[in-house]
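Chains: A, B, C, D and E, in written order; residue numbering restarts at 1 for each.
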Amino acid sequence: QDNVTLQLKWVTQGQFAGYYVAQAKGFYDEEGLTVEIKPGGPDIAPEQVIAGGGADVITTWMAAGLAARERGVPLVNIAQPFKSSGLLLTCLKEAGVETTADFPGKTLGVWFFGNEYPFYAWMAKLGLSTEGGADGVEVLKQAFNVDPLIQKQAACISTMTYNEFGQVLKAGITPEELTVFNYRDEGVGMLEDGLYVMEDKLADPAFVEKMTKFVRASMKGWEYARANPEEAAQIVLDNDMTGAMTLEDQVYQVSEINKLTEGSTGALDEAAYRQTVDTLLSAVSPDNPAITKEPEGAFSHVVTDGL
Amino acid sequence: MPATVVSAADLSLTFATNDGPVHALSNVNLSIGKGEFVSFIGPSGCGKTTFLRTIADLEQPTSGTLLINGMTPRQAREKRAYGYVFQAPALYPWRTIEKNVALPLEIMGYSAAEQAERIKRTMDLVNLSGFEKKYPWQLSGGMQQRASIARALAFDADLLLMDEPFGALDEIVRDHLNSELLKLWARTQKTICFVTHSIPEAVYLSTKIVVMSPRPGRVTDVIESTLPAERPLDIRETPEFLAIAARVRDGLRAGHSYEEHA
Amino acid sequence: MALISAWLFAWLFVERLSRALAPATRDNAGLGLLIPIVFGVTILVVWEVVTRGANVPQVILPPPSMIWARITSSVPTLLADFQQTFLKAVLIGYALGCGLGFVVAILIDRSPFFKSGLLPLGNFVSALPIVGVAPIMVMWFGFDWQSKAAVVVIMTFFPMLVNTVAGLNAASSIERDLMRTYAASYWQTLLKLRLPAAAPFIFNALKINSTLALIGAIVAEFFGTPIVGMGFRISTEVGRMNVDMVWAEIAVAAVAGSLFYGVITLIERGVTFWHPSVRGA
Amino acid sequence: MNKAFPIIIVLIGLLIVWYAAAIGMNAQWQNDVYRRAGTTDVPMTQFVQDTWNQEKPVLPTMHQVMGELWNTTVLVAPNKPRSLLFHAWVTFSATALGFLMGSVLGIALAVLIVHSEAMNRSLMPWIVASQTIPILALAPLIVVIGFNIFTGTLGIPTDPARLMSKAIISAYLSFFPVAVGMVKGLRSPEAIQLDLMHTYNASPSQTFWKLRWPASVPYLFTSLKVGVAASLVGAIVGELPTGAVAGLGARLLAGSYYSQTVQIWSALFAASILAAILVISVGLVEKLVARQMGARPA
Amino acid sequence: MPATVVSAADLSLTFATNDGPVHALSNVNLSIGKGEFVSFIGPSGCGKTTFLRTIADLEQPTSGTLLINGMTPRQAREKRAYGYVFQAPALYPWRTIEKNVALPLEIMGYSAAEQAERIKRTMDLVNLSGFEKKYPWQLSGGMQQRASIARALAFDADLLLMDEPFGALDEIVRDHLNSELLKLWARTQKTICFVTHSIPEAVYLSTKIVVMSPRPGRVTDVIESTLPAERPLDIRETPEFLAIAARVRDGLRAGHSYEEHA
């Protein structure tokens, strides 16, 4: 049995259903792996964890992964189970937002902690200042929930298709009352939830072998989750130690997640990679220096080639 | 007959302690008239302090009645009927000596000028001029005790309760303060309750001497002084004086023999 | 291991130094400051050597020189954050929280009714978890510094309450008896006896709260804030792997907090000069 | 006066304010609901009732919170993640361990500081500085790296390791009030009491045990009360970085991700009840010790 | 000639205070031989306590030299050369009376049995049997003072420094303790430094009487007693006694007149 420690980017939820399913259904066991899944949280930077030796492989967003790479943590994308991105900017029509032209003067809620890169890239593309004022937008650091929208503290907030957006709807706000911007559609979409490891480890064939098994089992998990969203949601729920989640929420989440993993073989699509890098490089600013130069060797197909 | 200032009838006070009750006062009957100077004398632990504290409404009697100017001790206290000199100086460490003396004056709302005048007068009286700005811990034991006397004299209570005020003072200062106190008393017709361990002091100062004995604390003798009101220091060599002193000493000794066989 | 031996070394050195200086330093503030500074510098040097020598990734622990470079190059940002977090949230929240704790303590002291009615409730808020409170305060008071100040109020309230209640009982019985003999009113006794006697306890709370307030305000900013503030910067820059900036903010927080604490200690020395712990035994 | 009476009065007062505030704070949302549903002319009583029973209110009401507390304590087996008792226990164990470590450390530091001028000068400023470092910034470092060291280098199993990392944060927060209070307390003996020890040429340890320590007891207990509360805050904060583990902090956070206000409030109440129990326990011990030490009844 | 226990040469001590220096001791020259009983007497604030504290290494002289048994005060203290009775009782409030008396015995490592025996003996000596289990605040002022005397007598120091030990006691107990102290002294050949405000007490007890005067604190007179070693209580009426007492009183008065014009 080989041991693998996976550090998630966020708390246990449907977003990571594939891994939990692979574990619960014995897919890892079949590959001869014992996988420990470490849930993340609002202050866990998986990049830091892996740099400190606390994990073998992490899930993170590509922008954050590249940023870490430029700052001396040589992360390499080895697989990309999420084919498309789920990040939205969700606005109340009532607050006067119908198109991007309505942004100036509005207050927008943004997730930070490495999640802000797409937003800044977008604003750069729109040529809007983020310093507030009549011509710019007022940025709020949004907590990881939808309260600011419901209490009308912000005109727009960040949501994920698979989670917060559902919460907004569940709260009774109808889609007609909302203006939804999908980052992908705005041309600033970036790759989310990929699997990353430390570059030097890839020199070891045994490690590559181990990761190949891991990715294979994980992709099998994702496939299973797509086929059995309800069961997958229940598995996620069983792994939630806080007892705070409901099955209903997780079923919704898994079903939405399935749309994002749909069609991924696990291998990174280099076009999508290019698009992410180009977007990031187009928006370099002192406020938002995700990356300042073209990354080298930030991904590798060595693992997915062996699938 | 002068009005009664303190009248105790069958007054008893028992402290409950971890190892049984202590009978600090037992059936005390005593009446003190206006303008009297009463000394309390008795072996240590016989209840002198407790009696003064009861008058001052700092302890509650277990049984019996106690009236001060016809009022309950509490009412009397609220009327600020008395000034109290404690056995320990009880100065506040964050106040200078002069501020300590000013404390009751501030509380009773004297004007600043009046305060200054009174502080000066009483500090002079107890010979502490020059130490106004010192803090209590910078004074010797006797000086602290004098400061606490000054504090009690600074305002005009008709009843003075003094618990061994001169215990820590040498003979010369003591003589000086004794005669100052007598002068003050004669001038103002205050009523004074005075605890002392010195038989000559008790006899010299008092119109009435209360001898107490311990376990349980009782009054064993009340001696009305036959000395004249006018008392020069050398009255202490007269036979009359010595006779009273002898009677006090006998009373005291009796209390002690009791204690020694307890 | 390296850290422990470094600390031991620093300490031994300081021990020697303070021995040597002991008679001279009594009244010499300059020399008195020398010791912690020498200690600190030693630690910094060791830190620098260890991080560079052992090649610790900078996203985990950057060397002090790099932190310093970041501080000097980010003065305007640091200043804005400091103003938002310290000058607004911390100071205002601290004043309100300590004031509230104090007032409630007096209320409790004043009336037996409040004593049994409020003190249990006081215990109840003692550990209102900042994590739960901060989002609620954001909900109630908005994203700006007001909600952070509210969190600081809640965090500083309890230490002040407990210490003031204990302090108000610190006057000795003979000192109280004296006040009774003057038939002093409640407020007179409070003002002239019990508060001065309580001062050492109250200053304890003021000191503890000075650091607690800073922690509270910074942590509260993790739960929603405009994009300025020390807590915002820390949480954001951790996510961006700019750990040097995180430490720059921490350094600012440490300096500000220490100065805050130092100022209160100075005031304490002035006000409770009479207490044996200050008078020096 | 009956002891419970004032509490009840104060509580009733508080409840009135609470329910009134709930109407005000939940009104906006309620009106939106009516507007969306097209309902008009809602009678006042209906409106009030609705504001008191929203699923995700801005301010949940007492009966909602109590109901949730009841549902998650009595109606669930205490070993299930759904149970608040389970989370309270997890948090409590980290609190207790952290409090123990923090108090011991705080007292030890105070002893060093009081006994050595070098310690006073070199340690004190750094102790203060340590407290101004926002723990949450360090919490991930401690939880992540500490946890790795515990499980990796030291080979400790996951659960005790997680407990230890939380307890360390807890101790980090609680040692300071204890140290500050005890420095004051250990220096509180009167000069004459110290002089007495001096005349006996008592060793520092004798002076400590027979004088400084007993003299510091009033300071000790006030410090411990603040310390135990700080420990609880620390334990909860230590549960933050990893959002999905057990404990009241994780529960709070998880609740907040789904805007489960009622759930947040019930966890908040659970934490407060735990805090009150801890502080009151320290108070009881204080009373006992005071009696043991012959303190004069007030 | 007996060995010198205390020898002070040109000893001065100045306190710095918020409003200027206080000269508590100024050029004190004094030598005390082994087995002597020396009383210190002088107006309040003249430096008696300060001098005792300097001997005890509780204050550091500003100038001059002070040797105890040929050692520095510090070395002497470290050898536990003396027992000290402070002017205030300084009992620890969290200890019962008997535990307070036991304190020095615990520190000096006496066995439990030895402790019990000594506690019993000294508590009897000061007449406090029956109060062993009480806490200090449950005792009267005089009883507290006696407890502190018991504490200092419980262990065997060759030098006793006593600062107004009998100040709060009545004449009878005082006489009793005076003669007990004399007996103890005769039996053990201890050296005793004794501060008192009572001239008769000083004369009755001492082989040497040191008269001091304040501002600055100085020794104004050192009187070697010519009284025999054997001293019944009624020796206090002999002319020899009265002569010495008169000389002390003169010295005291001189000190005061100085103070009164300061």
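Here, a contact is a pair of C-beta atoms (placed from the backbone, for glycine too) under 8 Å apart; a residue touches a chain by one contact, two chains touch by 3 or more.
This structure is a prediction, so every number in the text was calculated from the model and none was measured.
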{"item": "Set of chains whose contacts include both subunit D and subunit C", "value": "A"}
{"item": "Subunit C and subunit E: spacing of chain centres that average the CA atoms, whole Å", "value": "48"}
{"item": "Distance from the mean Cα position of subunit D to that of subunit A, given in whole angstrom", "value": "34"}
{"item": "Whole-Å gap between the CA centroids of subunit A and subunit E", "value": "84"}
{"item": "Touching two or more other chains - residues of subunit A", "value": "42-43, 45, 48, 52, 143, 145, 147, 151"}
{"item": "Residue list for subunit D, restricted to those that touch at least two other chains", "value": "58, 136, 140, 145, 190-191, 240, 253, 256, 294, 296"}
{"item": "For subunit B, residues contacting two or more additional chains", "value": "18, 88, 135, 137"}
{"item": "Contacting chain pairs - touch in the sense defined above", "value": "A-C, A-D, B-C, B-E, C-D, D-E"}
{"item": "Contact set on subunit D toward subunit A in their complex", "value": "28-29, 32-33, 36, 56, 58, 72, 80-83, 86-87, 136, 139-140, 143-145, 147-148, 152, 158, 240-246, 250-251, 253-260, 263"}
{"item": "Subunit C-touching residues of subunit A, taken from the complex the two chains share", "value": "42-43, 45, 47-48, 51-52, 64, 67-68, 71-73, 112-116, 130, 138-143, 145, 147-148, 151, 153, 290"}
{"item": "Subunit E partner contacts - residues on subunit D that touch it in the complex", "value": "190, 192-193, 195-202, 206, 210-211, 214-215, 217, 293-296"}
{"item": "Residue ranges of subunit D in contact with subunit C within the complex", "value": "1, 3-7, 9-10, 14, 25, 58, 116-119, 121-122, 124-126, 128-129, 131-137, 140-141, 145, 173, 176-177, 180-181, 183-184, 187-191, 194, 218-219, 221-223, 225-226, 229-230, 232-233, 236-237, 239-240, 248-249, 252-253, 256, 264-265, 267-268, 271-276, 278-280, 296, 298"}
{"item": "Residue numbers on subunit B that touch subunit E, as the complex places them", "value": "15, 17-19, 22, 41-45, 48-50, 87-88, 127, 130, 133-135, 138-143, 145-146, 163-164, 167-174, 176, 197-199, 249, 252-253, 256, 259-260, 262"}
